[in-house]
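What follows is a group of structures, each given as structure tokens.
Both complexes below contain subunit A, partnered by subunit B and then by subunit C.
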Partner chain A sequence: MNLISAAAPLSVPASGAEILLWAGVVMASLGVVLGAVIGIFAKYFRVRSDARVELILELLPGANCGGCGQAGCADFAKSVVEGRNAPSKCPVSSREQKSAIARALGIEEEAGFQRRALVRCGGDLHHSAWLLNYNGVLDCASAALVSGGPKGCSYGCLGMGNCARKCPFGAIEIVDHIALVHPELCVGCGLCIAACPRHCIALVPAAATTHVYCNSPEKGIDKRKNCQVGCIGCRKCERTVPGKFTVEGNLARVNYELAPEELPTDADAVAVKCPTHALLSEQAHFRIEQNEEIR
Partner chain B sequence: MMNKSSRSVLTFKGGIAPEGNGKDMSSAIPTRNAPLLERYRVLLQENAGKPPKPVVAKGDKVKKYQLIAAADGFVSANLHAPTSGEVVGIVRVPGPMGLMTEAIEIAADGEDSGDAPFAPLDWSKASPQELLARVADAGLVGMGGASFPTHVKLTIPPGKKVDTLILNGAECEPYLTADHRLLLENGEALLRGALTFGRILGVENISIGVEINKIDAIEYLSRIAADCGVRIVPLEVRYPQGSEKHLIRAIAGREVPSGGLPADAGCVVQNVGTAVALDNAVRLGIPLVERIVTVTGEVVRNPGNWRLRIGTPVIKAIELADGVLCEPGKLILGGPMMGFAQRSFEIPVAKNTSGILLLPPRVSMNYMPTECIRCGRCVQGCPMHLMPCLLATAIEGDRYDLAAQNHVMDCIECGSCAYVCPAHRPLVQHFRRAKAELRSRNRK
Partner chain C sequence: MKYLELTIGAILVYNFVLSRFLGICPFLGVSKRIGTAMGMSGAVIFVMTLASAATAAVYRNFLRFSVNGRTVDLGFLQVLLFILIIASLVQLIEIMLQKLSPKLYQALGIYLPLITTNCAVLGAATINAKENHTVLEATIFGCCSGIGFALALLLFASLRERLELANPPKAFQGTPIALVTAGILAMAFAGFAGLC
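Showing the complex of A and B:
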């Protein structure tokens, strides 16, 4: 009613001061009414949120990698506050960040340890057999469907970068047709594992610095036809450094279940001196794949 | 257009007509028998489904036609010794899909002796159950390429009714002439086999579809089939005329529903080679141990068809054709459209190996794919009426859900789209990957 009557004087010539006055009155009354409505809504329809979720979200890395199994960092923060997840479940956060989260929530700190992705294959361009001239889609899953891939081994890395494209941290590089994980960039979120059609990527404790770069369960003699650097299951590692390595079938593996301080280190790789160079320290493997060193 | 009189030439919509189909190289030469080799390696995974279990061990003496691996489960097929000799063992050989697979190696003793293991039956008097059991015993599989156990195909799921049997003699793949020679040389066995299939299924309406580039075979078969109730249907020369779904479309005028079986359209389709093998199993009581294989390609010195035993290494078959003229660019098992390129010459011939094709480097050269220009030729060429350009773009962006919505699972991987694509896009490879991915997701 107020508005209609307010409009009426405008039909007759009015002075500038009058128009200004009416405009001011209308806007002020609108403000009062709407403000009251907002106030009522804020009081009675308030969504109760936990301030701690916001706090924890700020402490999380914000990569939304999904490595924890939740739909991104916000979901993970919520699950931690609700007690459904431990802070250590975030594979990306450093130990300091995890303990900061635990402190903020006043919960007990869990002894988790950092994991890293490991490509269990050393058969790069120079060390593996190339059996066919592959000219198809540059995609590991597609290549694996064509005669089992261009490399002779049907268990190793295809080197077409499905894992590298999936990695949100840019930690995987393809060098000479093999995926190479940069340890300083990898946070162990595990997204690359599902991307690999050969299942040759595994998450291993970061404390272990020596690994077996082979994934093929075939017999040593069959492996050697296709790859110069495959594990032949000679058990030298098992004998030289007892307890740290196990040979199952034709493939040596590191006992990653050991306590962090007992895991194999660079010194163990030097001690074993693997005859096929399938067992190498992370550093040596990296230098070889970067062509800084020859096997 | 879809006139059903038997005189007109039937076909389906879509597809392609490959130019210069290379069949002249081998179609006029009668099938030759291959000499006995010293060694045969019979692949265990011959059939689609579960591989059979070996029933012989290293050092065993086997007779020709003796069972060497027994079907493991329903969707599996028996394997029989291609010759008499000694089992060398179970060895690992390169398989047709490129991976190493297991095979039973038999060293021939040179006698090639063995009796027919089954009692001969009269197809017109034996009961359908007896005949169906014989199909399974003789280890019959689809000899056109899919290698699906035949007894499974003949066991109609309950609730479905089959009234039409179609025998596939289309042989739409370029270069291959194995079925052409079979139609000309084993016509009577083929008709008996067709009638036996009809008896097993209880079906009277039997057609044999043959493309009109095999006009001599159509004339010959029409002459001898005049009074036995089997219809010889001339088909247009169009690829993929020999696809199960397209044969049903062309001959019966019915559509197999998406994701369905031919039995859903009331049809069963069998390869002509399988029909001849069935006649051998019923009339003579011998299992499937040999087949006609086309050894051809511009590179082969003396192309032709040979009757090869299962387990013959490909390299021996090429030697039968007097070797090669120059270094081949590609070795393909099967036809050039749907066959698989191989990386080894040691692969043994399997029950479904219809051709050994050696292409010259010029033909098998690699192209660099470029971007899709939306010309729509693949859409015109797709016999399944899909939109390959759209599907490939979706799959390139990892949008498998979009590809599934647009029925990538109905793709029969015939390669028509990739054949006509002016941008040389690897369309079929994308679809194969998407199908594998979607199948593994459905399993989860």
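Showing the complex of A and C:
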């Protein structure tokens, strides 16, 4: 058997059966050789990895959102195994998943609680003043640069969807130029917070269902010029349901530090009957923003 | 001169993506972010160079032999053989990289096994066989084709990153406008025709 270069002309061709036989021989031997080479290399170049890392990785959600501060779930699994991180640092895993991880590693589980993102603004298209006709790119950061943004209020949501684009879980919807966080989809990773140039998104306990949808520290009268639904700091909520709300300056806030069962309920929101509708239950806010109900 | 022609031909005139229309899948799939496009480009250049060299060496030296004075020509096996060689080569490289250079392994990441069965890599091997390139020519051709692919991918990725901020009509949003852009990019590259 002599090898000839591909460029050389054919002399006497072999018969079909012979070619078929050689084809089989070449393919089979090549397969065996390559398989053997890979096998040998796989043995000698094997990288020993910690089996626990892969176990933890399987228990993690695998969304690679980076909410824990590590570069993805694989990195987080490694840091948990090495003891640099607690399983509860993962904002996406459910409580059961976290305790499963803790059990797998035989470490104490830490009591963490679920958080959710909240857009502290209710000034949508119909309730806030528009100062200028913005025709630039649909990007909150760009819009905020043009004389303080198209909306009159310079603290509220711009509604161009930077947070919605950033959210790896598709939990944020833009309706009438305001961002709405769907609580059933939000896992509280906090990526949207950094995306908002107005800093009007905050992480709140998932157990809280009543919020103040305003972020402006301006005086009530100034807010009122730009927005019909801003908090005017009238202290009605503080007086009606004592202990659950605090008014700081001109802005009311929910006392999120309270224990989950002491947080204001939907009934409290109804009892307060906020005169500007800045204080609302999550459900009422949703119905209004999705235009199912008028304020 | 021949090598210069080969280089410019592979990068610009007969660009793999924009004039041969090979490797369209990663061209559209991983061109949403410059970062991922970079990773993919690196992996493609790497694999194409090595695959071209390996397949050309096998094709030129082992596919024709004579037995008892009669020639056995196994040229018809090339596609099967090329796939086999490319796949095992990539597998081998992956195993070695993981041990020898974890940094590079992490950078190329999932893109390495992804392009194992890419038509651009197989295309480079087949073109080498058709043009009867020597092993050196094949290696240069493979490397330059990879660079051409990387050029097209990076150009397209930067265009798409900008497109994301644009406001096209609703029917054009997303993939349609990306495809239109790819078409215009291909037309621009048609301007290189006749350079060599």
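Simple rule for what comes next: the second predicted complex is superposed on the first by the 247 of 295 C-alpha atoms of A that agree within 3 Å, B and C clash if a C-alpha of one lies under 4 Å from a C-alpha of the other, contacts with A are read in each partner's own complex, and residues count from 1 in each chain.
In this text, a contact is a pair of C-beta atoms (placed from the backbone, for glycine too) under 8 Å apart; a residue touches a chain by one contact, two chains touch by 3 or more.
Keep in mind that what you see is a predicted model, and the values were worked out from it rather than measured.
Asker: Of subunit B and subunit C, which one touches more of subunit A's residues?
Answerer: Between subunit B and subunit C, C touches the greater number of residues in subunit A.
Asker: Between subunit B (first) and subunit C (second), which, if any, makes contact with A:S154: first, second, both or neither?
Answerer: first
Asker: What is the contact status of A:V37 with respect to subunit B (first) and subunit C (second): first, second, both, or neither?
Answerer: After superposition on chain A, A:V37 lies in contact with subunit C alone.
Asker: Could you tell me if A:V146 is touching subunit B, subunit C, both of them or neither one (first, second, both, neither)?
Answerer: Touch status of A:V146: first partner only.
Asker: Under the stated touch criterion, which partner chain does A:V137 make contact with: subunit B (first), subunit C (second), both, or neither?
Answerer: both
Asker: Now for A:M27: first (subunit B), second (subunit C), both, or neither, which partner does it touch?
Answerer: In the superposition, A:M27 touches subunit C alone.
Asker: Overlap of the subunit B and subunit C footprints on subunit A, residue-wise?
Answerer: Common to the two interfaces on subunit A: residues 137, 139, 142.
Asker: Touching subunit A in the complex: which residues of subunit C?
Answerer: Going through subunit C, the ones touching subunit A are 59-67, 69-77, 80-81, 84-85, 88, 91-92, 95-96, 98-100, 102, 129, 132, 165-167.
Asker: In their complex, what parts of subunit A are in touch with subunit B?
Answerer: Per the touch definition, subunit A meets subunit B at residues 131-133, 135-137, 139, 141-142, 145-149, 154, 218, 222.
Asker: So in the complex, which bits of subunit A are touching subunit C?
Answerer: Going through subunit A, the ones touching subunit C are 1-8, 10-15, 18-19, 22-23, 26-27, 30-31, 34-35, 37-38, 41-42, 45-47, 137-139, 142.
Asker: Can you list the subunit B residues touching subunit A in their complex?
Answerer: Per the stated touch rule, the residues are 92, 97-100, 340-344, 366-367, 426, 429-430, 432-433, 436-437.
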